[in-house]
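Both complexes shown next keep subunit A, but they swap its partner, so subunit B is in the first and subunit C is in the second.
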Partner chain A sequence: MKPLILHGHERSITQIKYNREGDLLFSSSKDNKPNVWYSLNGERLGTFNGHQGVVWCIDIDWTTTKFLSGGGDNTLKIWDCETGKTIGTIYTNSSVRACNFSYSGNMAAFANDKALRQQCEIHIIDVRNVDESISQATPILKIPVSDSRVTSLLWGALDETLLTGHENGEIIQWDLQTGKKLNSTKEHDYIINDMQMSKDATMFITASKDHTAKLFDSDNLMLLKTYKTERPVNSAAISPIMEHVVLGGGQDAMDVTTTSTKIGKFDSRFFHLVFEEEFGRVKGHFGPIHSVAFHPDGKGYSSGGEDGYVRVHNFDQSYFEYGFDY
Partner chain B sequence: MPTNDEIKSSWADEVELEGGALPPPTEVRENDFKILTEYKCGKDNKKTKIVRTYKIEKRIVSKSIALRKTWTKFGESVDDKPGPNPATTICGEDVYMQYITSKEEEYKVEEDGLEKLKGMGDKTVVKCRTCNGEHWTSKCPWKDTALASAKTADGEKKPGAPPAQLPAEVGKPATTSKYLPPNMRGDAASKRLDNTSMAGARRDDSMAVRVSNLSDSTTDADLEELVKPFGPINKLYLAKEKGTGSCKGFAYIHFKFRNDAAKAIATLHKHGYDHLILSVDWSKPQAHSNP
Partner chain C sequence: MAKKKLDERGSQSGDNGRNDGDVSSNEDEPNFSDPEDFVDDITDEELLGDVLRQKPKETDGVESVIVVDGVPQVGQDRLEKLQSVINKIFSKFGNIVNTHYPMNEKGQTKGYIFLEYSSPIHAQEAVKVTNNYKLDKQHTFLVNLFTDFSKYEKIPELWKPPEPQTYEGQADLYYYLLEPDAYDQFCVVTAQGQSVQIWQNTQPDPVLVEDRQTWTQTYVKWSPLGTFFTTFHKQGVALWGGPNFTQYKRFSHSAVQFIDYSPCEKYVITYSPQGDVHNPDQKRIIIWDIRTGLEKRSFNHEGPSAWPIFRWSHDDKYFARIGTDVLSIYETPSFGLLEKKSLKISGIRDFSWSPTDNVIAYWVAEDKDVPARVTLLEIPNRNEIRNKNLFNVADCKIHWQKSGDYLCVKVDRYSKVRKEKNETKYSGMYFNFEIFHMREKEVPVDSVESKEPIQAFAWEPVGSKFAIIHGDTPNISVSFYEVRVGQAPLLLKKLEKRACNHLFWSPNGQFIVLAGLGSNGGGSLEFVDTHDFVIMNTTDHYQASDVEWDPTGRFVVTAVSVWKTKVDTGYYMWSFQGKILKRINLEKFAQLLWRPRCPTLLDDKQLKDIKKNLKKYYAQFESKDRMRQTKASKELIEKRSALMEKFSAYRQKRIKEWNEQKSRRLELRNGVDTDELDSDIQNAEEEIVEFFVKEEIIDIE
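Right, the complex of A and B next:
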């Protein structure tokens, strides 16, 4: 396969996401401009200019009309996808680490970091009619998180619950009616870097610094599968059409200079969903991979790395013909 | 999903080509191809022509996607022309997914080498030179006893010895590939020190034998097996290609006793070894013959 290399960022990629149909690919990086690309030919549609610092998290709503981005400049911005203009800005007291639109697109959730005199909090906001006034609007719900900060976030079924991954490896399910903890599990030992839902949202995969990615039931948080590697896992995604997961990771960026690329293991690694066994690798990045995403049609995937590039891959025929021996 | 709608747009796949001619940038449309030609002046005043060929494809997509395709560019991309901007979109080199078969199988391959050889014909393909058993010499159960014990390991412990390359070496203890300074080495090496003074061993070519016409695949271990029966050895040197570690075809053996060396020459000269006929003689004293 010939990957398209998207070079629109000056610093390392923090997150990439496809929209629902997969025709657009959104990317954010530690520079201050999230980008949007046509995933088919790698043409850049535009950049969202307005943030003052690192952009940690992005999300796109179901209809690809609104785009959400949260960053280290203590803001969460809601953008118009078509024009790239800011519709609303929410100012927080610490950097925004995770954000997501709800399935319905009526609400959005975001979590900010623990900082000096600022507790980690999850905010649920109404995003049906966004304008400048949203910065003054009170959130629907504010959940203070006392112990470990939230590092990733997903909406549960029917927008009734929220799943959060924490710095200490814990996963908590919140009831949004009451704002109370519903369920929690601690299967990871270190920070959960990323969580992604399967296509039907019955399962989600977590990527953790403890060198594993794990598959959970999104209803009762039951641990289903564990994918082991030798390096921190920064991101993991589940294929929408095959029983495959892709893991991106590699050494910590701070350790990269002291090791060669060969042993850095900066490949995208494909595991069988059920058998937990690695069956394929794709090389390409010069540093750890920070975010991976499957194209919603399952015929390609993208990865964004510390090197600042997003690589868009379309699978060869051999990938679809590959039979896993068991 | 909304109804399907046909639209024509600049879906393009970029292919880079090289060519040669003159100035202003041109854009030619031929059938389904758009050919962009640009000229650039490099640092050393070298003119370069860049020809980019884009394939224009028609795709039938849902209305919402078609609509999004018509959106105007914004932000940093506001000045970009239709189609991918080569500054931000690069067509990468081909990469392939490396398929990994299950790990057990990976290890099996090496083990199977012997089984395969056996299966190929009669069962005497592999024959141990020490006990004539059906295994590699290095895997002989008698390897570390009898013959081997006192005289061993000079070749093996040589700091420059490469890690195992031939299946014959697989069975060796892992420690052999690791460098150990001479004073830390096991008994074999220290014994050597006791028996002969280093100074004497270094310059004394009188007991050195040169073996030539060795095959490429000869290893230190093979050589050792070959000459061990004749008597105690002070030093073994097998000339190896630097990059590949394969044998250069000759070796020097320093025996402890001259009559052992003479015996070795008498026996091994014109001896068939690994489909080659060895030539063995006294090492000729040259200015820097001793490696």
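Right, the complex of A and C next:
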């Protein structure tokens, strides 16, 4: 399995995402220019120029017409996917940490950091007709989060609920009708770095600094499975076709002064979804992996890391032939 | 008092009484006498039990009285002097409330006195301390509690035999040796003794035998034959044994840090380097008898010294320690110096007992014109059985082979020496190995020389080979030599350019692990069969800090201890060929120790027979292993299918719910079905995009 190595960022990758069809791969990094690539051959299609700082989070709507990015320059930007032009900017009082289009694509949610005199807040906005006026528009809903800040965010099924992962390891389900907490669970000990839905959005996987990734029911937040490693997990994804999950992470760059790739364990690790057993590793990054994503057809996956590279893998035939005895 | 109360009681019960009272306050003597028909049916106890209980008794204070015998008999003239002396001695223990000096008719004291303290506790203390107190040459106090007299007076005439106590059999301390498959046990400690586990290394998966939280406060140790498990506590050490690891003995020695068992497990030495701040009398080193639990002898040791300070002979008969220019040998069970004096050996630097005979090897440093010397000394007759003079010696290290057949003295030699400010600096170092053939007549000595610095030396525990690691990084080599009768040691093999700094022979010889431990070793591992020098496997365990062979030489454990590094602690289990069997990552893992075994009871002939007929046994064990393997994989598959069944049931339910929501999903996405990638074919447009294909290979790392 020989990956395509996408070298278009100057600093570490913060998030990568495929569009619904999987022909395009979007990436953001700590430099200020999110990129979009052809996932097939790794050619760069374009760059979204306009942010002034770190881009923490990105998302694409299901029609691949709008692109969302939030960053350390205290803005959330909505872009036209085809032209790469900004069509709307929302100014906040702190960094935007997480953003997501709803299932319908009519709404988007984002969360900003806790900062000086600024509480962590979740915003729900209308993104049906975006133009410059959106910066003045009042959000549909604003939920202040007083305790632990939101570090990742997902829409629940049918745009009725919102799931947020928090710095203290808690997961909260919000009712969007009322803006109230519906349910919460605290299975992780440390910050939840990433949450990703399964293909049918009935389950989601969390990645936490407590060295584990966990699988939850997205309706009642029931803990289904736990995948254990020896390193912080920064990102995790569920295969759309196999009963597999992939975990990316590794020793934090700042925690070890002389991090060799060996001790850092910067591998993508494959676990069986049900048995929680590890069955494969993919080496390559020479820093921790910050984001992983399965191709929507399940025949490949990509990872982006501290080293600034995005590696696009297509699975070999042996991957599909390998099975567990049970 | 009782009377009055009674009256009051009476007054409450009837009008008659009250009238009486009224009368009394005015004039005549009141009539307190009971009426004719009064019956006193209330006992004093019932009325004022609390007061009665405090009523002084005739015997009160008896417990506080002591009788002092052996007091000088004096006349009236010197009585005052005597009293002041007695007061001085006995008032130390408490307040003396009463004294009595019985006199005869002449006014002379009778030679015994009675003293009463304010509390029985003081009296007991006084008896304990002043009994047998020597006042002067003629007078020794004999002090007893007064109550003791009555106690001994009351001894019944007839002797009653004591109740026989039921016999409680000692737990079988050697049960672990009866394990039919000869599985070995090992203990695992996680940091600061938070949890101690004992595992049985069954195949294919080890079984947990015992798991206790805070079993020890620092680390643990097995006794040399594996009988006892030792845990360390603030107050001392505890020995555990038997099938359930019940406590066998406790040795109280506060702040104990090190222990050393005698080879036959008869005695144990505990060492508390700092001593006990609250109890300065406590000795630093105590030797205990394990079976009785009694202290045999204690020492105070000052100054730094390599532990073990006391070294035991192989049969527990002698133990010795080194001092400045002396070697002190003690014998058991008397624990006195052998022949009541230490051996004077000027310039003695180090010594070591033979592991199989009562022979001590020691070496003496150079002194002006006298060369350095290695001497073999027979104990107890102190015969020097061999002497070897050595020149230009900087340092020596004594290595006995485990079977006691050979002794190797590694000699660091110099070509030049300079004295600088009280420091001696050696240069032009080279190294000699002096091999003593212990089993041959006159103990011939062979010598092997090496110009390169020596990193490690190790004898094959059984057999006649030894291995050395020599050279400077990065040109480290490992050389294997064989020692033969009447011949100089023969170089068998030299493995060049190795990344190792430690040697670990299998306890049964032949196999060896070359390991690179510590921060610069990287945890490289090489498994070598020294029969034909096949390298069976080259691998690594990153940052490994320890290598431990099991006592039978079937398994090797490599471990990363939290004492050395903080990340990735845990242990790996390997077969002796270097095949990985288990990887256990354990947070805060600290220590793993195999339980030692007693030496085999089979003699050489029987061992040979078994080796010869190995094929016969082989098939039987092979089939047993296979059966276990299939059973284990069957269990795993059963576990998996149970998991899968449960999960599938859950998924079925959820997928059903999901399908029911399809219409609402379509609504949200304008009627476009996006459930599958290809479920919206009619809306899809085929677009042909031309790509530039440029291949670039970037080599990372």
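The working rule: the second predicted complex is superposed on the first by the 322 of 326 C-alpha atoms of A that agree within 3 Å, B and C clash if a C-alpha of one lies under 4 Å from a C-alpha of the other, contacts with A are read in each partner's own complex, and residues count from 1 in each chain.
In the analysis below, contacts are C-beta pairs under 8 Å (C-beta built on N, C-alpha and C of every residue); 3 or more make two chains touch, one makes a residue touch a chain.
These numbers come from a predicted model, not from an experiment.
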Fit or clash - subunit C, subunit B, common subunit A: clash
First (subunit B), second (subunit C), both or neither touched by A:Glu82: first
Touching partner for A:Asp217 - first (subunit B), second (subunit C), both, neither: second
Which superposed partner A:Ala236 touches (first subunit B, second subunit C, both, neither): neither
Comparing the two partners subunit B and subunit C, which touches a greater set of residues in subunit A: B
Partner chain(s) touched by A:Thr202 [first = subunit B, second = subunit C, both, neither]: second
Partner chain(s) touched by A:Thr47 [first = subunit B, second = subunit C, both, neither]: first
First, second, both or neither for A:Asp316, with subunit B first and subunit C second: first
Which of subunit B and subunit C A:Ile124 touches, first, second, both or neither: neither
Which of subunit B and subunit C A:Leu158 touches, first, second, both or neither: second
First, second, both or neither for A:Glu278, with subunit B first and subunit C second: first
Stretch of subunit C, among 457-465, 565-573 or 583-591, that runs into subunit B once the two complexes are superposed: 457-465
Subunit A residues contacted in one complex by subunit B, in the other by subunit C: 5, 7, 21, 38, 40-41, 43, 284, 325
Touching residues (chain side subunit B, partner subunit A) in the complex: 10-14, 59, 61-62, 64-65, 68-69, 71, 73-78, 80, 83-85, 87-102
Residue ranges of subunit C in contact with subunit A within the complex: 542-543, 567-568, 585, 633, 637, 640-641, 643-644, 647, 650, 654-655, 657-658, 661, 664-665, 668-669, 674-675, 677, 689, 691-693, 698, 700-701
Residue ranges of subunit A in contact with subunit B within the complex: 1-8, 21, 23-24, 33, 35, 37-38, 40-49, 63-64, 82-85, 267, 270, 277-284, 311, 313, 315-316, 318-319, 322, 325
Touching residues on subunit A, where the partner in the complex is subunit C: 5, 7, 20-22, 38, 40-41, 43, 62, 103-106, 157-159, 200, 202-203, 217, 219, 224, 230, 251, 256, 261-263, 273-275, 284, 286, 296-297, 324-326
